[in-house]
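Data first, discussion second: the structure below is written as structure tokens.
Naming follows writing order (A, B and C), and every chain is counted from residue 1.
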């Protein structure tokens, strides 16, 4: 049964949630919308299309301290970071929610990352269905949809004077305010993102590994970290101790396979020395290795990498290029 | 069209004659609106080359990935300053580069799938009608109606108090995610191991946080003092819109005032930080 | 937080540090918590991540044998910030240990076979517990040939154990260096050349190799020339490893994670990787 919340209902509901939890929501900055903890409901941007960064940063922050090292009279104690509060992640689109569900696979797999798991357990997800598909969106080809409720606790869909409230999980049900009425109106049809044919390509990727296509594509890649950092499912990280004025912390930060020293061993050996090899790693990890391990492709079709790559390395184009390379190979 | 055909014809003949191994130019991006770098290795693909007001990318940086190979590169006037910089610093050899120069009408602000009517700020004050160095000029010179670079926005910022400025910049740097796109796209940033990646000594840690980001950005800016050629690619590629041109132009202004020098105008002019002139008074406290 | 995070190291005390070569030290550490010490079970081939608090962590093969209770031993080569910090620790100092991680040499499968151990430099470290385990149960294995190479005589690793290895029954220890010195009376040759010279038979044999990539490459070729099949050749891969848990994806080589699926692989398995290490 779908419920209905007017804009006022929603604001009051969020106010009450804010009183006892952290609320992370889209906030419009200078020219960008980003997910961040809010102090007032007025800060929320309800009418955004896509944020600069995905909300994965709440569960895997760009930088976080895993534990700190206290030294007391020669005795060493390790103090882990604790998750202090319950939270609500509000306003994420279904593609981003799928991104979080994909990140759960490596992080919760035994031995689970305790900090990630704690935060995940204590954070409820209130999703927002998409009003329109942007030119770079292709979620329906990657196992999601603009109105897909599967990975959130509650899904809101904007209608004329408020929001349809679809309760998905028990956790979501527990968050509902009192007094929401049943929604009897029509559910607006979801927008239609462009389609990308991916199935055949993934099964052929094994044979395309050594194709010169990768070095040619790698020619224009800058090997910055933009694609990996804006992506809802990329999760590679670096760990190092941060030592300042006697305080020592074990810090975890975002890293990406595109940076030069990513696979460089201490002895000086690097299995990926060329630009094409490094670029290829990202595509293979997302489209082949991750599915082999976790039975799901690590791309949700949010289009951020397409939008932000300074040299237009477009994953949809790469997939259709690989299709052609595949056909040319089998033809000859 | 005439200009584009000249670029294509030149690229084709260079490849057919074997004068170069590859041509670095522009082609249409996957959005059908903007441009992206394109590497042509065979004469048959040179038809994909384009040139228009969306071709903002500075392609000169790619020459550093192709050391030892003779390459042709399409170069706008601002990009030619990068050629001079890299020649001056011994990073490229003149006889290993065939420069296809173009007179540039100015580039417009673009983003994915969007092309505006507004000229980029750096183009509004550009007075160069053709590249400073080239082997072939496609399309001929293009007279520019340029505003003068007065650095008025920099002067305005300088008039603010230190506290205001610091607050402004920390806020900007709080958005930085250390993607290093600014560094990767910059022709002046080519250190095999960037200072930000060094552990011994440790200049910047791995933390992605405002104070560390500030350290990253300011040190990079200082490493470019007297070397930044003003292509503004760093600001264009930044995914979180940090106004990097303010930093780089501030030092460009300072270097002009202190040393009467601007980078990339002359491949043979010694850079100020590697030269000493007797006329420079050096008294402590001055 | 309740549940123990796999990112938090166990605290351990450095018991002894022995200089093995000019840049390699053997560290013997004891886990502080007696329960954890009792539960910490490992097999030759597995590795641990050692923390030098203030610098960071790095992976090291565990080179001791669990039942010996001499503590956990690691051979640390001074090459970067973490290894330098570990080498600067004094006995009594605290460090962190996370592990054991990875797979191990299936020594049970090698019983009754002739074993050829080929190590170069620090590569000898993960092979040492294999040798010692075989010597502990000598009758379960066939002939044992150990080829140990290094750049110079000073760089040969585990010199104090050489007499023990040489004395063992049906065991041969062949040393070689790339460059000798005035005192060196032994062989001066590259490891792959020694393999060619000694020409061990592939019949009922397993060859276990570890060393610098270039040594491995040429030794592999030599073993194949001698008739060794790819499933008779075993190695332990080095990779940039950070979390040890299959999460940070740095050790992702092709579809494998060296920290989970390895570091021990047969050549047959490696040749099937999409991406070659």
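Methods note: a residue touches a chain if its C-beta (ideal position, glycine included) is under 8 Å from a C-beta of that chain, and two chains touch if they have at least 3 such contacts.
Given the structure is predicted, the values throughout are model-derived calculations rather than measurements.
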{"item": "Greatest separation from chain B - chain, by CA centre", "value": "C"}
{"item": "Selected pair, greater C-beta contact count between A-B and B-C", "value": "A-B"}
{"item": "Centroid spacing, where centroids are CA-atom means, of chain A and chain C in whole angstrom", "value": "38"}
{"item": "Separation of mean Cα positions, chain C and chain B [Å, integer]", "value": "48"}
{"item": "Rounded Å distance between chain A and chain B, as computed from the means of their C-alpha atoms", "value": "32"}
{"item": "Overlap residues in chain B, where contacts from two or more other chains coincide", "value": "none"}
{"item": "Chain A: positions in contact with at least two other chains", "value": "238, 240, 255"}
{"item": "Residues of chain C touching at least two other chains", "value": "80"}
{"item": "Interface residues, chain C side, partner chain A - complex", "value": "1-9, 11, 51-58, 79-80, 83, 94, 96, 212-213, 238-240, 242-243, 245-250, 252-255, 274-277"}
{"item": "Partner chain B, residues of chain C touching it in the complex", "value": "80-81"}
{"item": "Residues of chain B defined as touching chain C within the complex", "value": "199-200"}
{"item": "Residues on chain B engaged by chain A in the complex (per definition of touch)", "value": "29-31, 34, 36-39, 57, 62, 65, 111-113, 175, 177-181, 183-185, 193, 197, 205-209, 236-237, 239-241"}
{"item": "Partner chain B, residues of chain A touching it in the complex", "value": "29-32, 34, 52-53, 62-63, 135-136, 216, 219-220, 222-226, 229-230, 238, 240, 242, 251, 253-255, 259-261, 275, 306-308, 310-312, 314, 316-317"}
